[in-house]
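Quick heads-up: structures coming right below.
Two complexes follow with chain A in common, the first pairing it with chain B and the second with chain C.
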Partner chain A sequence: MAEGQVAVPTLATEPRQRGRLAGFIPVAIALVIIGVVVVAAALGDLIAPRDPNAQNLLVGDVPPNGQFPLGTDQLGRDVLSRIIAGARTALVGPMLIAVGGMTIGTILGMLGGYLGGRLDAIIMRWVDLMYSLPGLLIAIVIVGVVGGGYFMAVIVLIVLFSPADTRIVRAEALRQRPLPYIEAARTLGVPTWRIMFVHVLPNVLPVVVSYVFLDFAFGLVSLSGLSFLGLGVPPGTPDWGRMLFENRTVLFTNPLAAVAPGLMIVAAAAAMNIVGDWLYERFASSGAGR
Partner chain B sequence: MSGSAFHLLDVSDLSIDVVLPGGRTRSIVSGLNLHVDLGETVGIVGESGSGKSLTARSLLRLLPRGVRATGRAEFAGTDVLDLPERHVARYRGSRLALLFQDPFTILNPVLRCGPQIEEGLRDEGLSRRQKRKESVRRLAEVGLPEHIADRYPFQLSGGMRQRVALAAALAGNPELLIADEPSTALDVTTQAEILRLLKSLQEARGMGLILITHDLRVAFSACDRIYVLYAGGLMEVGGARDLEDHPLHPYTLGLLLSEPPVDRRLSALVAIPGAVPPADEVSGVCRFSPRCRWVRDVCRAGPPRLVPRGPGRATACVRIDEIDVEMVALRRAVVAPAAVKEPSEAAALVRVSDVAKVFDKGTPRANPALKGVSLTIRDGESIGLVGESGSGKTTLARCLLGLEQPDSGELRIAGIDASRYDRLRTGDLQRLRRAVQVVFQDPYSSLNPAHRVGFALEEALRMAGRRDDGVTVASLLDQVGLPAAYAKRRPVALSGGERQRVAIARALAVGPRILVCDEPVSSLDVSVQAQVLNLFGALRTELGLSYLFITHDLAVVRQVVDRVYVLYRGEIVEQGPVDRVLDAPEHEYTKRLIASVPSGEPVVASPSVASEAEAVS
Partner chain C sequence: MTLGWLARFLASRLLVLIPLLLVISFGVFSLLQLAPSTPERILLGGRPSTPEVLAAIRERYHLDDPFLVQYGRWLVGVVQLDFGTSIRAGEPVLPMIIRRLDITVFLGLFGFVIALVVGLLVGMVAALRRGSPLDRALVALSVVGVSAPAFASGILLLYLFGVVLDWFPVFGAGDGMLDRLWHLTLPAVALALSAMALIVKVTRAALIEELERDYVAFARARGLSFRRVLFGYALRNALVSVVTASGLVLIYMLTGAVLVEVTFTLPGVGSLLVEAVQGLDIPLVQGLVIVIAVFIVVVHLIIDILYRLIDPRIRFGGAHG
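So, the complex of A and B:
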């Protein structure tokens, strides 16, 4: 019995170590991409070569050239500058969605999973209800009918994302609950709230963090999707999803005007995913979440 | 050291390494020589980290990815380590088969037992009916009736599953069977039956058998020859009887001494200090040298080779000639028995009256775990609660700790009614929490992996409000024999024995009067187990603690307990002073328990039909 416990962990560390060396290259690339997006979002106007909203109807839509590295859209606006300016909506919204959804999910998941009982039943019925709704469709209807633009879309997506997060955190909390170290804390008389926050939460955290990054990726894609449909950001705003929609008309004269923002969405989402996975591995190897 | 030139299996210079990124390797096993003949039972004995399971897997070409075996392993003339991948499948099962430890994961849960045996039958072209007939015959061989073929694994007990797994392993009529801890996960009474069955099948079929175990007593009782493996290297080889009578390596001697005897109580066990090191750290020296009391510079000069010494024996100890006399003397010296404490007249600390508990009450799965159990623990008394899995012993412990609520009956601890923890007043609850504490079985999940040792102990001290009494994290660590610097460590950086010590320190932090210990040493290595048992003994003398020791291991009971309660299917069937109960058991079940402890006497092969009185659930 004791044999496996000692032999297996030593073996299990091997693929992880190998993965850490060879696997760091994609992580490094992902970190660079995220870094670029963050810098662009923070300094947008300062580093953009031109005013992203300056129209130049005389130029019209042109393919990339010395003056416009990524060409222009049909109103003659510089695509590169608009992509840089669009980093802000690409970062802030998904971040709010991921953090907000996970905060709700963590609170409800911990309560339901650790305390159980009727509270858990109520929370899980709510989760089931939310699962039965066609998420993005609801978002389209609400944002379309109520209006409210970008931040309304963000709020709706927070609510839509929280059930999945609740489920994940609850499963982790449930797994922790019968473990001897939790029971030992109960026997010591540690108050319930302290067990939840000091004993259970740190062990749930690796999952929480990795899902925050996953949620970010999904949030970005969903938000961009809403923008593409004309919901969320108002017309004319430099936003990657919006650009994808607006610039599809110039696909034959300057394909980069639509392709570049699309690639940015993919790159940012993928980068977040990779970093999330990597962080999870790091957490797991440091002993938490074992 | 080989007598005849040809062996059924002849392993020479086997090394197993983990291949690290960049092509570096880390040694798990090195320089292993071993042979098995037809009709022979060979034991590989080793603690965790010895590499015994990976050795078995390497012979079946079942090593995990990233682990590499080199050397030669000739099976009837073919080097199996060199066998092309496409021949491996035919070689497994028909020539060599492996029986795994865990009967609960060994069988496919969605297949009935019959087909799982048919899977391994080698005669192609059998009709369905013939296959069925054959699988029923195979079930009979392991002592199971025909209807088992139509059962799913989950409908069977652990012992029965292990029998089905054995039948499946033998379906291809292998010439050599490797059994990796085949009885460890089972109850004591079932363990003995499985060992007897293995032995009788080996004799009836004339096959070779390699029995891998951590338990010397099991190896002595079942094997002809024994290989003692430690941290990836062979320490000693010899006939079972020779090894038991006169070990030629300090490690073997240490194992023998740290094994608690079931027939008498010792004042303290002779434990091997420290823990098993990773094989890689000690591969350049005598692997046992860091823990050996006879270590000299010569032991660290280089990796010692196995040197023949007498017929069929070999030892890797380079100093054996010098220390042999001392080893014999040490063995003689420690047999001094100790007396059990006189029956206590102190007041009752814990009084359990007629406690009953049914799980899944009111459902078809209703499972009565406790059916009216009464027991008393006096102040300062050490009580054993003995029983097999499902006897209700853990349920009773959990009721005492307030982790479970009894349906009826009364629990009083230190004068407080502890039947319903949730109805207690805050002051009483606090007094109760400080009176009774727990040590769990699994040291790997007893400590929160997210917290450092110091944090865990600090919290326990704060809960008890004892920080002003001069009790500190350092003094707690000292009490359980750990250096104060361990406070900064995380549980992952501790060995199993060290974790269990920290768990004990955490329980002691609140200054309890009674420790409930649920199998506290059963997942520890033998050498470490002795250390922890000694610690329990010392703490009791020092602090006047009471213990409720829950265990299936009668040898442990003999060492640490004054009085025993035997629990069987939720009822106490026998109780009394430990010597009386173990030496002159009155109840049928107690007698069976005691009879199934491997004594080191050779196992008598049983007729193949089981005497096992297990009901199909």
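So, the complex of A and C:
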């Protein structure tokens, strides 16, 4: 590319330098949101004001008041305590999905991208096939018919997430392959597996880590979608997706019972997306020469 | 220009797609075997039974035949558009699906049009005002859009526009064209939101890339108006990526429709799938999956044809897919 040779008059020049500090503000907010969710998941029982599963049918569904900061659901359960307790399924499952999918994706992507050949062709065939299918629908059918609950949902989503991760890691590995350091290592007789996992992997890692965050966001959205449909978590579990479904019916009496868990899903997923995007732009795309 | 390439392309594609559908149908049929209960118990749907009843069911559904024979019998039925009988409703599967189809098709197309039109416009504006506060605000909004699952945005819309403002109905699908449009506006917007975010992202990135190319600077230097360069060249080239994305969006509409139909209690194909899965109504699940698989295959076929219409290089490049 003839970079910087001709000053092409573009419509708007990107103010790159100016935006660095200002661009960090959303990331800081996102990190605070993630921190709050992590603390809620870790300390759930200690900081919840009430027992999240204690029913109080005499109270019924009431709007927020001094006793119940976010009101109660139709069984008289405290919405705030249930949201705090729900942080656990909102954190553990998506984390397993993101890390598990990316582990499979990294192995297959490195093998396909670096070794190439027939193995690569087979891997990419599989990736293309999975790409053309609606992942969440498959998860709905398998988890719904075969059963297995929350962890079955997590396993199915790990498998469904891995093709996208494979494609991303493979593209990165392909980008590394023609670089001089690989050639040098090969000339020196470094074994292939050592080049792949000791030399190439660290260079692919920034992309891997950014996509773990992006996968987390999509994993949360997918997993809470399954819970929303009554697949995954058992009935009565405090889970944000499940709360949305159960509390649709009290939208007129205590709307927060359904709106608050919905906002929590969006906030947590958006926070993960923002951090993932920021990591990618800060650490991954610079090496790609963009 | 002849359409010979189209016929050749369709023929080569069908050679790939028919085996693919066979594989999917086999997977779907195996579901019955994977379910955590014996087929006859599922067919009974949890009702109490005697050994005689169970034997009668095994006989009636040919469950004592080898698996492949059962599959073959089912497949012959599917090819003749006989998808079997629903366990719960006791009626043929296909008419049940067709009856629920109109709401889902209406909802999906409505959502698709909203996502595509608004997404393209917003993406173009963001690309043309790149780096401005407006662009950054639109990009930030699209991050929120990607993060909002259809059921969460659905509940928020339902609360805001249905309960607080009372502009739209909160229940039902409506009768007649206008009434239905009014009833399905909130569900369609909920369905469109996250897909729209994807279209914005893709349009913005593709258009920015095109506008930086040399041919744009050259055309401007030759005195062509910016409008002509934008609509005549840059946008058309950017559309190739948008077409790819819109195929994904159309398929996403299906997944989204499942969530949105449950959120808004609409009797469509999506909520039928959820009912079938929850009730372990295996014949109905199998029928639905086959219908959905055919739909997906057709969408991919249309996208592949559109590619070749927009970009002659793919058409004549000898790419057979």
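As a convention for this text, the second predicted complex is superposed on the first by the 262 of 290 C-alpha atoms of A that agree within 3 Å, B and C clash if a C-alpha of one lies under 4 Å from a C-alpha of the other, contacts with A are read in each partner's own complex, and residues count from 1 in each chain.
The working rule: a contact is a pair of C-beta atoms (placed from the backbone, for glycine too) under 8 Å apart; a residue touches a chain by one contact, two chains touch by 3 or more.
Predicted model only: the values in this text are computed from it and were never measured.
By the document's definition of touching, of the two partners only chain C reaches A:A217; chain B does not.
Partner contacting the larger number of chain A residues, of chain B and chain C: C. In the superposition on chain A, no contact is made by A:D128 with either chain B or chain C. Once the two complexes are overlaid on the shared chain, A:V145 sits against chain C while remaining clear of chain B. In the superposition on chain A, A:A258 makes contact with chain C only, while chain B stays out of contact range.
In the overlay built on the shared chain, the residue A:D51 is in contact with neither chain B nor chain C.
Applying the stated touch rule to the two superposed structures, the overlap between the chain B and chain C interfaces on chain A comprises residues 10-11, 14-15. Residues 8-15, 26, 129, 132-137, 140-142, 144-147, 217, 221-222, 224-225, 228-231, 241, 244-245, 248, 251-252, 255, 258-259, 262-263, 265-266, 269-270, 272-274, 277 of chain A are the ones that touch chain C when the two sit in their complex. Of all the residues in chain C, the ones that touch chain A in their complex are 20, 31, 34-36, 128-132, 140, 143-144, 146-153, 155-156, 158-159, 162-163, 170, 211-212, 214, 217, 220, 251-252, 254-255, 258-259, 262-263, 273-274, 277-278, 280, 282, 285, 289, 292, 296, 300. Note for the complex: chain B touches chain A at residues 18-22, 28, 46-54, 64-67, 101, 181, 184-185, 214, 276, 278, 401-403, 429-430, 433-434, 436-438, 440-442, 444-451, 459-460, 463-464, 490-492, 496, 503, 506-507, 509-510, 523-525. On the chain A side of its complex with chain B, the touching residues are 1-7, 10-11, 14-15, 17-18, 21-22, 179-190, 198-199, 202-203, 205, 287-290.
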